[in-house]
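Input: structures, listed below.
Okay, so subunit A shows up in both of these, paired with subunit B first and subunit C after.
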Partner chain A sequence: MRATFTVASDLLREAASRRWFLALGIGITTVLIVLGFALRLEVVDGALAATRLFGREVRTDIRSVDVALRFVYRAAAYVLFYGGLAFGIVACADFGPSLLAPGRIEHLLSLPVKRYELLLGTFLGVLILSLIGAVYGAGGFTLIFAVKTGHFTLRPVAAAVLAGVTFAGIYGAMLTAAVALRSAALSAAVGVVLFVLGIIAGYRDRLDTFFESGAAREAFRAVTFVLPRVSALADASADIAASAAIRYDVLASQMVGLLVFGFASLALGIHLFEQKDY
Partner chain B sequence: MARKGLWLGVFVALLALSAWLMSRGDKEKSTVRPPKVEFPRNATPDESVRNQKRRTLPPLPSPNNNDEGFRMRRDPMLVALPVDKKRSAMVFEVEALKETPIAQIWLDCLLERTDRQGDASGLERFKERFGIDPLEDVERVAVSSERLAIMQGSFSGATFDPSVWNKRTYGEKGVIYENPESGRTIAMWGGDMMLMSGVSDSAEAVEDAIDRLESTDPNQKSILNETNAYGDIYGVLSPEDLAKMLPEEQDALAEKVQQVVDGISVHVDASEDVAIVADVNGPGGQDLEDLSRSFGAALAASRFKAKNDGNEELANLLDYAKVKQPAGGHFALDVALPIDVLKTLGPCRKSSPPSAATAEPKNTSK
Partner chain C sequence: MLAIEAANVRKVYSGWFGRRGAQTALAGLDIAIPRGTAFGLIGLNGAGKTTFIKIMLGVVRPTDGVVRVLGGNPEDPNVRRRIGYLPERLFLTSAFTPRQFLGSVARMKGLRLTESVLIAQLERVGLGPDTNRRNGGFSKGMRQRLGLAAALLGSPDLLILDEPTDGVDPLGRAEIRKILAEERARGATLFLNSHLLSETERVCDRIGILAAGKLVREGRLLDLCGSETAYRAKFAPGFNAPALHEIGFRNSEIEGEMRIISPTPEALNQALDAARSRGALIIGLARDLRDLEDVLAEALGTQSPQSESSSPPQPLNVHTGETRSTVGQPADSVHNIPSQSVHNESLVNASDLEAAL
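This part shows the complex of A and B:
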């Protein structure tokens, strides 16, 4: 198990040296700094009375500051969720293939590390990486609004954690694709396909009415049955951020289900990995 | 061989487990969509047609006899309302209201409670006394702070016991009934309007209303404009009456309202959730802007207090309250009351007082 964490920490070190993640870190920090200086919020007795962005007044309704911020946090949660997933798919697609690169994999296999520990460590590293990115972005955003309005909530950070976990689920399948063909493009393509199909799967109960009842509808339901419900989790993430009512038992089931999906994909990846000779 | 198939077996088992876990949210979404509330800001086409049909009073002559042009017929109920700007008046569209989800829920609760108590409800007593079924025969009701209530509907079956009510005619179409014992005064006008005085032993309010209905004074102007007759409940509030309605801790706001506000028009839509819009009119400028902010702050403070006091019901209601930024000498105060919250209030409120035998004194101080 220790080897798994070593692989995960190696991956984090590797990520830190990559331009993609450096750019992400600088990008998030820049957005937060600009927001911090350009946004002016006037709070009168707990009500958001006026908003100015880059010196220009933004016409908003006057209402309790925490209620007004719900809309901001909801929008931010969607951006973070979908934007984070899209970025993660592109930026992390190369981790698997580089792990399996000729020369490196032979070296790794010569070490006292089991094959499944290599994949598990990579998966864990990406999970930690996505959580760090999401929590940094959401945490900074929340902190800025907390300082400017005096209203502090950890809900946007919790929403960001949900986004991170969702990405980890998808990454399990991406890593398996990388093991099968050692291609960053294929890994990214699997991520994109799962991302899009996951949005559809989240609304499968509403969308299946577009299919005629019979074989077509059953096929749609069968395919989407095993797919991660990306859009449902995005909606849940936005609702958490916006302090809306949530069925936490259902959400927990979906979240655990997504993580299990990631581990299932990983199990297939390990199976394929074990069959390979290097 | 067994080891070779181990991870494949784990894959299949985990995939099946994940599909089952994730499918739990397909039917029951983890997210609960908030209600989408439509705030009444203008008359709907149906309301415009309804208002047009109600204009049965001839138009007033022009203040200047040389004027030509189009004169609209008038809605008698609005004409009967007071003209004094310091008064308030609200109109309840009973016919529309009784079809609304919340009215039906409340009526069911009311009838259930009446059945349980084995006592005739106020509605039934009214029907027995006057021969009018408020739910069937009344189209709309207006009340004003001049202590005048007006009902419009089908009152051909209205009965007034001659041994109880003294009858006299007033004006061209008015008939006034006075009950010397109770001091009540009720008037019928034109067969479809019933006017009730809220002042004991005084017919002044109903006489004034009949005077307005039969007046041809070209300068006569009701406090409720016909363009404001939309929604299930609508009316105007005077700044003084609004100031009185504010809680004691909002004394400063009440004073500001009386200084800055010209009038408030209120519109309520109850077709799904109950949406209330209060248009606050004033001279515009910085004063009105400050007032809008004070209203926003008052709402936020009330919500905060409700939360602190553990009054979740009120806090949830105030979640939907907002003040629109002032524009053109007025700003709007929007409040939405979700039907799920209203279901637990009014006649459907669950809390019933404990019986005297079982009631125990409670220390309510904290």
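This part shows the complex of A and C:
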């Protein structure tokens, strides 16, 4: 596992030097700073009495703080989930092909490491990277609201972790595509397709009525069965952030499905990697 | 003890549609390289050199045949732990400084090296001033130096170097040669793949010539490039060339220099005495070795551009295998052998040639 952790830490170092991630870090930090300085929340006896953004009053009903923040956290969870996934697909598509670049992969494979450790390290690095991004954004956001309202909850952070894990599941397939054809564009395309199909798969029970009953509907259900339920997980993430009721059995089955998809994709990628000449 | 042994190694890269478009990179390669040797593999582009290197590293799997490196299977990480490898074009991300890159390679090799050791390694390859500079702006030569530093980590038993001096400035080349000599003195085996034949000549003591996936010649550098009986004598201006021809000296492509083949030191001194008695003043004497380019061209059945522009092919001596005449031997004992007839022979051998004639 030594090589796996080395590859993962190298990937984090590489990410830190890339403009995409630098921009993301600066962007999140800027939003947090602006929110921290420009947002004024007046809490009286546990109720949100007034909200001011850049000095202007935002008209809201007087509500208990935890109820008022549910809407904010739900919106933030959706933004973080879909925005994070879209950003991750574009920004991380190059990590696999970069690992497999001529002159680098021969050198890595000449070292006393096992092949699977290299792919596992890349996957682990991206998982850590997505979790760092998600937790930094959600954690900072939560902290600002906690300081301003006195109401602290870790639920938005848990929602962000779910977003990070969902991205890792998709990244497993992206990495496999990169191993197959060593192309960042193809890797990103696979991510985008899974992102879109995953949204459709999340609503498969509602959408299958658009298909004629019979072979077409069964084919739709079969295809969407194996895909990660991106939209359903996004809804679950928003529900977690907003402290809404969650059916944990449904969420657990969706998580299991996501993990099976992610690890199956990764296993296929490792199998291809073991067979390939570089 | 052998460092590298390969038996009937074949590698066929299959095309997209099975056999269609398949390419044969190695077509039955046999080689045995003893430990402690500095071996140079030379050949034209597409001869299969890089494929063989990758097979030795377990990066590419052979279609057929057996390769053993340091007595084990190259796919075994414990074998690769004892190998240092420098690829031809080392890919470096701009995220790392040389120190960080070496640290990463050391961790992958399972080495626990201190910062001072890493810095000393960088200083050894001439990257001391660039220790904390990002790799992104490195020139080809600097990349090669850094790759060499990484290959040397952990004092490997076998160093496999693909174009180690490519892009390196002349002084840097000398430094790298010095490092390789030190590694060799330590007991490491060197396997060098380079298109810079002069570098290969300077570093290696054994040479293999690869053509179309097969080893067409292999042997000691001295055996391939000449023999211990061939010399070049340099004379002061004004010597009588026809008189020296009578003794056995032959013209060389360098003005003032003449070639001679003497089977013994006594014969050489007799020839030199005879030259002096004819008024020639000797100002230099050296072993006459062909350069590797000529050997490569001969092995591949082509003519090097250098030899094309020089004198016509020299007659080949059937007793020594040399393309030169021999002192005191009658002209009828010297035969011209078409280069095609010795093509693909491992080494020119007197008995084989006599049989051929």
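Just so we're on the same page, the second predicted complex is superposed on the first by the 278 of 278 C-alpha atoms of A that agree within 3 Å, B and C clash if a C-alpha of one lies under 4 Å from a C-alpha of the other, contacts with A are read in each partner's own complex, and residues count from 1 in each chain.
The rule is simple: a residue touches a chain if its C-beta (ideal position, glycine included) is under 8 Å from a C-beta of that chain, and two chains touch if they have at least 3 such contacts.
Keep in mind the model is a prediction, meaning the values are calculated, not measured.
The superposition on subunit A brings subunit B alongside subunit C with room for both. Shared-chain residue A:R247: touches subunit B; no touch with subunit C.
Annotation for subunit A, partner touching more residues between subunit B and subunit C: B. Legend: residue contacts after superposition of the two complexes on their common chain; A:G103 is shown touching subunit C, with no touch to subunit B.
In the overlay built on the shared chain, the residue A:T6 is in contact with subunit C alone; subunit B does not reach it.
In the superposition on chain A, A:S17 makes contact with subunit C only, not with subunit B. An angle of 180 degrees, to the nearest 10, separates subunit B from subunit C at the C-alpha centre of subunit A in the overlay.
Contacts of A:I62 after superposition: subunit B is touched, whereas subunit C is not reached.
Within the superposed three-chain model, A:D205 lies in touch with subunit B and out of touch with subunit C [touch as defined at top].
When the two structures are aligned on their common chain, the gap between the nearest CA atoms of subunit B and subunit C comes to 13 Å.
Those residues of subunit C that touch subunit A in the complex are listed here as 13, 54, 57-61, 77-78, 80-81, 83, 85, 87-91, 93-96, 100, 104-105, 107-110, 134, 147, 150, 160.
Only residues 4, 7-8, 10-11, 13-15, 17-32, 34, 292-301, 303-304, 318-319, 321-325, 334 of subunit B touch subunit A when the two sit together in their complex. Residues 2-3, 6, 10, 13-14, 16-18, 98, 101-114, 277-278 of subunit A are the ones that touch subunit C when the two sit in their complex.
Listed in rising order, the residues of subunit A touching subunit B in the complex are 44-50, 59-65, 67, 116, 204-205, 225-226, 228-229, 232, 235-236, 238-239, 244-248, 250-251, 253-254, 256-258, 260-261, 263-265, 267-268, 270-271, 274-275.
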